[in-house]
Amino acid sequence: MSHNSFGHLFRVTTFGESHGPALGCIVDGCPPNIPLTADDIQVFLDKRRPGQSRFTTQRQEPDQVKILSGVFEDDRTGGPVTTGTPIMLMIENVDQRSKDYAEIRDKFRPGHADFTYQAKYGIRDYKGGGRSSARETAARVAAGAVARKIIPGVTIRGALVQMGPHKIDRTNWDWAEVDRNPFFTPDARAAKFFEDYLDGVRKSGSSIGAVIEVTASGVPAGWGAPLYGKLDQDLASAMMSINAVKGVEIGAGFESAALSGEENADEIRMRRGKPEFLSNNAGGILGGISTGQDVVVRFAIKPTSSILTSKRSISAQGEDVDVMTKGRHDPCVGIRAVPVGEAMMAIVLADHFLRHRGQVG
Amino acid sequence: MSHNSFGHLFRVTTFGESHGPALGCIVDGCPPNIPLTADDIQVFLDKRRPGQSRFTTQRQEPDQVKILSGVFEDDRTGGPVTTGTPIMLMIENVDQRSKDYAEIRDKFRPGHADFTYQAKYGIRDYKGGGRSSARETAARVAAGAVARKIIPGVTIRGALVQMGPHKIDRTNWDWAEVDRNPFFTPDARAAKFFEDYLDGVRKSGSSIGAVIEVTASGVPAGWGAPLYGKLDQDLASAMMSINAVKGVEIGAGFESAALSGEENADEIRMRRGKPEFLSNNAGGILGGISTGQDVVVRFAIKPTSSILTSKRSISAQGEDVDVMTKGRHDPCVGIRAVPVGEAMMAIVLADHFLRHRGQVG
Amino acid sequence: MSHNSFGHLFRVTTFGESHGPALGCIVDGCPPNIPLTADDIQVFLDKRRPGQSRFTTQRQEPDQVKILSGVFEDDRTGGPVTTGTPIMLMIENVDQRSKDYAEIRDKFRPGHADFTYQAKYGIRDYKGGGRSSARETAARVAAGAVARKIIPGVTIRGALVQMGPHKIDRTNWDWAEVDRNPFFTPDARAAKFFEDYLDGVRKSGSSIGAVIEVTASGVPAGWGAPLYGKLDQDLASAMMSINAVKGVEIGAGFESAALSGEENADEIRMRRGKPEFLSNNAGGILGGISTGQDVVVRFAIKPTSSILTSKRSISAQGEDVDVMTKGRHDPCVGIRAVPVGEAMMAIVLADHFLRHRGQVG
Amino acid sequence: MSHNSFGHLFRVTTFGESHGPALGCIVDGCPPNIPLTADDIQVFLDKRRPGQSRFTTQRQEPDQVKILSGVFEDDRTGGPVTTGTPIMLMIENVDQRSKDYAEIRDKFRPGHADFTYQAKYGIRDYKGGGRSSARETAARVAAGAVARKIIPGVTIRGALVQMGPHKIDRTNWDWAEVDRNPFFTPDARAAKFFEDYLDGVRKSGSSIGAVIEVTASGVPAGWGAPLYGKLDQDLASAMMSINAVKGVEIGAGFESAALSGEENADEIRMRRGKPEFLSNNAGGILGGISTGQDVVVRFAIKPTSSILTSKRSISAQGEDVDVMTKGRHDPCVGIRAVPVGEAMMAIVLADHFLRHRGQVG
């Protein structure tokens, strides 16, 4: 069952709410003897951490991770390594603002999960969105850092390729640029534009959506499985499990619907004794199994539902009300989804690496 | 583990290859006392069955389903009902053409899974695509027919909304039209256009992609679960598990990236004592849980990779070759994906209905 | 979920009832390129097959298995091998006697699952016990035959070590003897005794229980996992999943409760450069992980509940009735549990071999 | 997958080592709106807690549990209730004695999991047994306390029924007595005897095994499932997953092998309009499904492997060595297995309650 777990051989189970004492995850199934310190994980958490620019929520969370189990400081190697047992990663919440929650306690914010949690469970932790808060993605990023360690030959990189209606110019693509701007976008000119654009959105108390692209290079041919254990299927599941994601596509994705068979087919030729694909409409996956090309996934993030404009809604008591969401939030929550998407890619690939090794050796 | 299984409480495990003696599935976890005959299933298989128009493959398969277990002809009710034990559904293959497979035995057809199956397993059943053939979707449709029985209050309908670059005009939408044309499209004018268009594609030995939309009405608020058991996540997984699917989106989907928070928020008002959403950008799902609105999913199908144009590829022996795929195939495999998408929607919803009942009662 | 499935990476899902058209299973996760024919499986089914002596039920079932998927007759190797895709194994029922079931339709036979199936599902297939019939174990034996192929270095052997209150003399143990008598017992003198003893039980219309021991030699140290993926735990689960099993023990089992720490500890010494245990109270498993010694499991089978003596019970309508079970049955169903126990051992070990390879390589 | 998880709809994932900073578990799938405080859990942890008499290890651990997520202090009800999201339970380790572990670092203690963990993973946390320590059972007890809340109509009670070779006199059975002696035994006379007996074992630096019986009253007929989701199968798996357990039996268990069909059959009669069984050899389970009688399971615990007598073993470097285990330990670890067995019974029943409700409603 997958209430709050993801993956099979590499399995992540997360816990925690936005305003509880802590959040985190248990990473189960990790191979033994992999060097792992909190610092290895912290570097990725720092990338996702809020409050680093004016373009993300001003909530101040250090997001310091602690490893509570599953590693052992071996006297002989001199550093902690994984032991094959469950790795517990904990992040304490620090900046739970003691504001008055009376308003959202009784009103369902449009676009948020308030209404549906209440409809399902008859109760909800309304403080900061509770379990449905984007803070949960910190646990994903921590788990993803462990996953990366399992597949060291694979390079995973994410980028923001669209903000609002504005797509980047892919001919400007420069991976090095991603770390130079607060938007994780590989197009320096787009980054400049986004700065003004998002300032406008932010100042008006509005929000905007985005599209994120995540690429994995170095995945060998053969990971994945037919039909119900497909690599693309698990990537779709992984990305859609992230808060606010409304669409996922692989390779040419929705564009492939418009293509003819001739245009879509990725031709193959031998190059230096190895198969080389001449294009990558498949996004590195055929029949659910990796081709050896880059695995490419894109996902759409809806605009943050917390906005300053008053919207029509209802109360928990079934009365018509108007709702306006004050307080800290990201004007474009898609930005911080970049390291989250990378983490989910890493988790899926680590799981499939182990699954492939299990079945085929 | 999900090699060849899908779902949790309602769980489908499929088997079979394109040119083997039979294919089918075991449906496990079905509630007891649900009337179920082969005819209940056959009606949906007939919709998916090939060879019904010139626009689908000319392979002649009656696709007659047999129920081998899990139902019992109760003397008192006079008809077969489910017993709560596994339901085995078998469809025998009839029209396995004894053609010469020497060509595709040694050559990897571009866009097909030939290369990746070989890379993964070191062997593949190359006859008609083996396990990667679209014939496997017959098992899904059969299982989907059982799933529908579990959620009788839910109406599931699919439609082709784009063929190649041509989108239908949604203002012409008429569900009744879907059954009147060979494309399962709800736009009568588009159907006319598609007839000529697809004839052209077919005659030139080419193929084209499509976009399918599946809607479920009558889903109550509260199905699904937070984060890793999200209803939209499982729908993404379900649709992406279908052969040739390259993208999945929920509600406004990729369009939502371009929306502002104000545009995207589905406002709510009380209407006759019940919550009513004033729009449905969410596609009936918030925070992974159903809102009570229509659940709306769309997926993109790539063009059939079997085309008459010669393309560059390599052989199993690692030599450059040219490949042209003769033989029977669908010029737009997306058409027959409509009943398949409906079936997967039914399977996901039946599973989540049981899961919700398990946790919440 | 495990309604009707067992195992994780090597996963078996069974279907079928005693008097339905067929029974069988889907074996999922099998590694590729393993030679596999129906004959490889049939030899084990023949061992379990009823009607081979006067000591088992007289129902005549050839139990011929058909492989419907998952193997491919490779032109180059000349014989069928597994492809890594699901292997469907089907056994058709032949000797469903068209007797009058009116009696057991309405009465709950003591010791049988009639009452509980009805209580759970509100319906049951009462013909020959339906899903609860020992016929289901044919599917296990078929799956076990596939499992053995995955772990060729492991030798799995089962034996009957107790019938009724009569334990065999373990000093007479001779594995070769197991195939020479109809009881699968390794003690030739006990076999002689059992012949008269069971004849008496059979002629009086009674039945008797048994204890079965299954041993696996050649399991390397390291299979299994801590705590919830323990090898002994999964063996306990496997054996207890067999009809009529009421107890399972590993190594010294219940006897170990009476031992002191000094008596129980299996000492170790190096022998020819390898660790050698000086005893095997652990049954080849410490901390859930194999030690490299023989893995030893025993399980108790209760007496067949079908007896000619009239017993007090109730009807489906809630009335006091008396029940006597005529018809074909095994006087000691434990005998045919020997190949079933072997099969379950094979399935558990194959699964753990793949799981170990997945996590540790 | 079940590396470190147990259960399906009610699912427990544990983490932590004996000498790490903390241990605990995530409880996933809990229904909402169940009142739950740390005190509700603490009462069961206190029962299992070490150092309460001279008959258990002298390690001093307060075993204070913290609830880090999954409950919410609802303003309206005035107390914390479950929200349906994952419940994280953490217990910090306090008394990790900073002794010199050099000896067990390099030597494999006979009967312990030292050798097998090393064989599997190539590394092990040797401090206090690491993951294989009985301390992990604290997490089970905490999860079991949550499980009990889900099935309030069920009463679960455990008892020690054998210590070493000494079985209690069942005619003296008095549940009230269980809480009056340090052995959790229901026979007051046996309790007296055990006091002297175990003092002798303890003073000689030896150890001894035990048999525990756990009973659940109030389980309605219908929980469980046929064959691979059997209630007895999951109980066998649950109990065998506890450290040091070597055997599990249900109802008459291994005794049933010696019974005739007539003796074994539990007859049924209507009593005050309800079915009543006249005996309970079945242990409350037929065909894997509960009968409505008491569910009865027994399990055997081997003697603690830590003893003061020197035993032959090998070192991690493959040399013959002698090992004697000094330090704190339980002379009869079976005593503290009583609350652990109760917890596992509760977890299995809570899971099956939810599973039954899912499938059958």
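Per-chain numbering from 1; labels A, B, C and D assigned in written order.
Convention: contacts are C-beta pairs under 8 Å (C-beta built on N, C-alpha and C of every residue); 3 or more make two chains touch, one makes a residue touch a chain.
Model, not experiment: these values are computed from the prediction.
Sharing over half of its contact pairs with A-B by residue number, the repeated interface among C-D, B-D or A-D is C-D. Between B-C and A-C, more C-beta contact pairs join the chains of B-C. Computed centre separation for the pair subunit C/subunit D is 27 angstrom, with centres defined by C-alpha atoms.
Averaged C-alpha coordinates give centres for subunit B and subunit C that are 38 Å from one another. Chain centres here are Cα averages; for subunit A and subunit C they lie 45 Å apart.
Contact of a single residue of subunit B with at least two other chains is seen at positions 1, 3-5, 8-9, 14, 29, 32, 84-85, 120-121, 131, 226, 355, 359-360. Per the touch definition, subunit D reaches subunit A in the complex via residues 1, 3-5, 8-9, 11, 13-17, 20-24, 26, 28-29, 32-33, 66, 68-70, 72, 74-75, 81, 83-88, 105, 120-125, 130-131. Those residues of subunit D lying in contact with subunit C across their complex are 1-6, 8, 14, 108, 110-113, 115-117, 119-122, 131-132, 136, 162, 164-165, 201, 206-211, 221-230, 232-237, 239-241, 243, 246-270, 273, 275, 278, 281-283, 285-292, 300-307, 309, 311-314, 318-320, 334, 355-356, 359-360. Contact residues of subunit B toward subunit D in the complex are 1, 8-9, 29-32, 84-85, 226, 354-355, 357-361.
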